[in-house]
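Note that chain A is present in both complexes that follow, paired respectively with chain B and with chain C.
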Partner chain A sequence: MTDSVDPLMVDPDNGIISREIFVSQDVFDTELEQIFARAWLFIGHESQIPEPGDFFNSRMGTESVLLTRDSEGEIHVLLNSCRHRGMKVCRYDEGNTHDFVCPYHGWSYSTDGTLVSVAGELFGVPHYRAGYDRKLDRSQWGLIPTAQMVNHHGLIFATWDPDTPSFDEYTGGFRFWLDNLAANTAGERGRVKALRGVQKWRIKANWKFVSENFLGDNYHGPTSHSSVDAVGLGPGGKEAPTRHGDNKKPRSIGSTSFFDLGHGGVTTAGYAWGYPEFEDENMTTYFQQRWQQREQRLEAEDRPIGGLGPSTMFPSMSLHAGAFPRALIVAHPVGPTETEVWRWFLVDDDLPEDIESWLRRWYLRYSGPAGLVEQDDMENWDYATDASTGTIARRYPYNYQLGLGMASPSEVLDDAVESSYLMTEENARNYYRRWAALMSGASWAEIDQARGGK
Partner chain B sequence: MTGVRVEIVRSACAGYANCLDVAPEIFDLDEHDVAVVSAGEFPAEQRQLLEDAAHRCPAKAIIVTDAD
Partner chain C sequence: MTTASTSSVDARLATLLLKDELTERLHLEADLLDEQRFDEWLELLDDDVTYTMPLRLNVHHSDADRASTKEGDVSWFEDDLSTLRMRVEQLATGEHWAEEPRSRVSHLVSNIRLLSVAPNPMAPEMVEVGCRFLVYRNRVADETDIWVGRRTDTWRADTQGHWRLLRRHLLLDQGVLMAKNLTVLF
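After this line comes the complex of A and B, so read on.
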């Protein structure tokens, strides 16, 4: 591994980015160290672990972590690797338990506050008396907890780095996108639940292709997704020829980029991406009402009305914050040309059953490994990665000049720029600016000092 | 009040010795590092203590039942 990367590989000011950062093993290894071990990463949704003892087996970068709820109801994120010989302590996707007994030699870790002082503490080892003469200091050999953890209206995030800026500082104005993801269609935050079953699958693509796609790539839609629009996959069916059913809205929806933070989103904080017209009129009426409640609530709470389209929180969590769909995807790195993607679908926690079930089926048809829109995208990411690995191909950088110099400061957010024309690569340029800052190996203090916007 | 019966599932016990921390006067380990109990039956007042020991056994090798 190299400590840092050549700054010449990434030149956002001129819109030139080397292919190396998408295919090189060296760059990938540095990413694990400088990005995934330092950034705030999404772990799971609170509704996945409602009861004491519940756990969900999640992932940070290439490593397995356990999202747990202890007997006092507190949430923890623990590295899923035994302190004895590294065995994966828990191999289930989810479940309920107060102790994780390692399948290798039987070390036992507990999340029960009546048994241990801190969740994940080593609570027992076989042959403690005969073998260790009771001298092993169990308080020193618990499962490793993350350095920071936050519950943002039900969305759980964590980081390994104690020096990483607070979650609020790290997310900045992008929190409005996260708030929308965490809110029901009436705008109440913390009122969504994850549909049971996180979809997980692997693709032969670099993880950044996934993040970049949702970050603000409005450019690929008409070319890549024309077939799904043609068949009328959207909520409006055949008569409403877009996949979001938003054909009544103007198409010039802009784009937002958080220049220092790297996050970005299609659409702006001021633009409300309306509810679709459904084939079923009852659903149109239902969501029309919810949407009106949302508008009133957001105005009363002084929250911006927009921030609803596809977006990405640096580095690897992407989301659709509106309800059509309301989903999130995490691109977990596996290798430079392989990524494990996990998809969660979120719905209002109080939806009528028939509407919830309609949404479930539509989400599955839209996103995930079997989703038609996602399949279009995966095809692009896989082939783009593959065609960039060759000796000759690697000599030539990618072009990120779309909309260069065409963004202006947002009137709603003080840490963002907006592009009035929806097709731009401004978001990607700033994403890689952030990427390069972290990859340089600079400390958070140094990165913070260099802030100031472009 | 009926007494309590304690049983050790010898094949499950892995010598964690957690039970010894809870009730050293009741539990001990034999030459195979497997737990043994000082008696088969205990007075009802000791139920709480015994259940606590069972709860702290990572191998779930301690079984506490009513004595009949």
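After this line comes the complex of A and C, so read on.
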């Protein structure tokens, strides 16, 4: 394994990126060290663990972590590996417990504040007296907690690195996209819930294909998804002048790239197009009202109206921040050419039952492995990865020159650029700029300095 | 139903014939799907068809009720007739890249049992059939998927007495789906 990666592999200024970074085991191993062990990663939604003792088995990079709620209601993220010999202390996807008892030799870890001082502390040790002579310092052998954790209006994020910039600094203006993800259709933050069940599936593609897709690849839509246009997947059905998304979406709405932070989205912060029209008029009326409420709230709270649509938070969490759909996806690395994709679906916590059920069924036929839209994405990501692994193929870099030199500073956000033409690879170029900065092995302070103290 | 109470030979014979008829239905369906005669397959569906495949979860065995997702939760499929039609239409566009070129698929069904017959085997109108499925997909060159699980179907006789699929509930025996997509109809 190398500590850092050759900067020549990534040349965002000229729009040239080596195929190596999508197929090489060395690069992959370095990513685990320099990116996944340092970046803020999405863990889960608060509504998945509403009660004390609730837990959800999540994942950071290649590793299993437990999202828990302790007896005082506090949320924690703990590495799911016993400190004795590493056994997974929990192999359930979800449940409720205050102690994780290791099935190997029986060490137990507690999240009950009346028994231990820190959640995840080692509590029970078989033969503690006779075998360890009571000398084992239990306070030193608890489950490993993440270094930082944040609850952003119900969205839980964590990082292993104590030096990682604060979540606010790390996300910058991208927080408006996260706000929209965490807000109901009337714009009120913290008013969504995760539907029970996370879709998890394996693809034979490099994890960055997933991020890049949602980050700003409007270019792939007309070709990759031509078949869904034909069948009328949009909320307005077949008659609506629609592609696979929202029937009011204008042809060109620009895209946003956080040039130093690496995040990006396929729309801009200052522009939005309202909710779609539905085949069912009642739904159209309902969502028109919600849109008006949203406009009022956002204005009162001084939040920009846009920041909807597909987007990616560096490195591996992608989202649809609007309601059609409102979902998020995390690309968990497995190997250079294999990724485990997790997809959550979020809905307003106060929708009429029939509307929630309509949305759920619509989400499911849109996204995920059985989704009419997403099926074709995975075909492309997999075979693109496959055809890039060969000795000859690896000699030739990918082209990222679409929209080169065509972006200008955002008028709404001070840390982003916007491309006025919908189709651009500006977002990807800046994503890989950020990727290269972390992969260089530079410290956070050095990375910050290289930004020119911006 | 073949129970102790159905003692007459006639009733037992009727059950046997019914089972044969529905077994034939399942085998016909498998052939239509594997021969990509999707429009003909759609003809086998009731207008009110529901087609569901929940997610499977690892939970404590005492919590078995939560071992798969329920209605209202996330699933792999929660389709009605219009969505199933859309899937077939999408396949027919020739631009559905995930199935262009088409995959080679074989459906095997076994362990077929009649779980309930209403009102009775002599004059059946609604039959619940349980089976196992094994769906094999080979794609392009070396891409291979095998899906195995349990299926519970409800078949309803239409006005002409033909069996139409009213409900299909699929329990796939995979926690993490080990395939990139589910372009196959089960």
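Points to keep in mind about this one:
Heads up, the rule we're going with is that the second predicted complex is superposed on the first by the 444 of 454 C-alpha atoms of A that agree within 3 Å, B and C clash if a C-alpha of one lies under 4 Å from a C-alpha of the other, contacts with A are read in each partner's own complex, and residues count from 1 in each chain.
Rule of thumb we're sticking to: a residue touches a chain if its C-beta (ideal position, glycine included) is under 8 Å from a C-beta of that chain, and two chains touch if they have at least 3 such contacts.
Here the structure is a predicted model, which means the values were calculated and not measured.
Once the complexes are laid over each other on chain A, chain B and chain C both fit without any clash.
In the superposition on chain A, no contact is made by A:E212 with either chain B or chain C. By the touch criterion stated above, A:K204 is placed in contact with chain C alone, chain B being left untouched. Between the Cα centres of chain B and chain C, as seen from that of chain A, there is an angle of 80°, stated in steps of 10. Contacts of A:R129 after superposition: chain B is touched, whereas chain C is not reached. Contact with chain C, but none with chain B, is seen for A:E379 once the two complexes are overlaid on the shared chain. In the superposed model, A:E20 lies in contact with neither chain B nor chain C. In the superposition on chain A, no contact is made by A:D348 with either chain B or chain C. In the superposed model, more residues of chain A are touched by C than by the other of chain B and chain C.
Closest contact between chain B and chain C, by C-alpha atoms in the overlaid model: 16 Å. Put simply, chain A uses no single residue to touch chain B in one complex and chain C in the other. Residue ranges of chain C in contact with chain A, taken from their complex: 53-55, 57-60, 63, 66, 69-70, 72-80, 83, 86-87, 89-90, 93, 95-98, 140, 175-183.
Those residues of chain A lying in contact with chain B across their complex are 99, 101, 106, 108, 114-115, 123-131, 134.
Taken in their complex, chain B has these residues touching chain A: 14-18, 20, 29, 33, 55-59. Only residues 57, 91-95, 195-205, 224, 226-228, 230-233, 340, 345, 357, 360-361, 364-365, 368-370, 372, 374-376, 378-380, 382-383 of chain A touch chain C when the two sit together in their complex.
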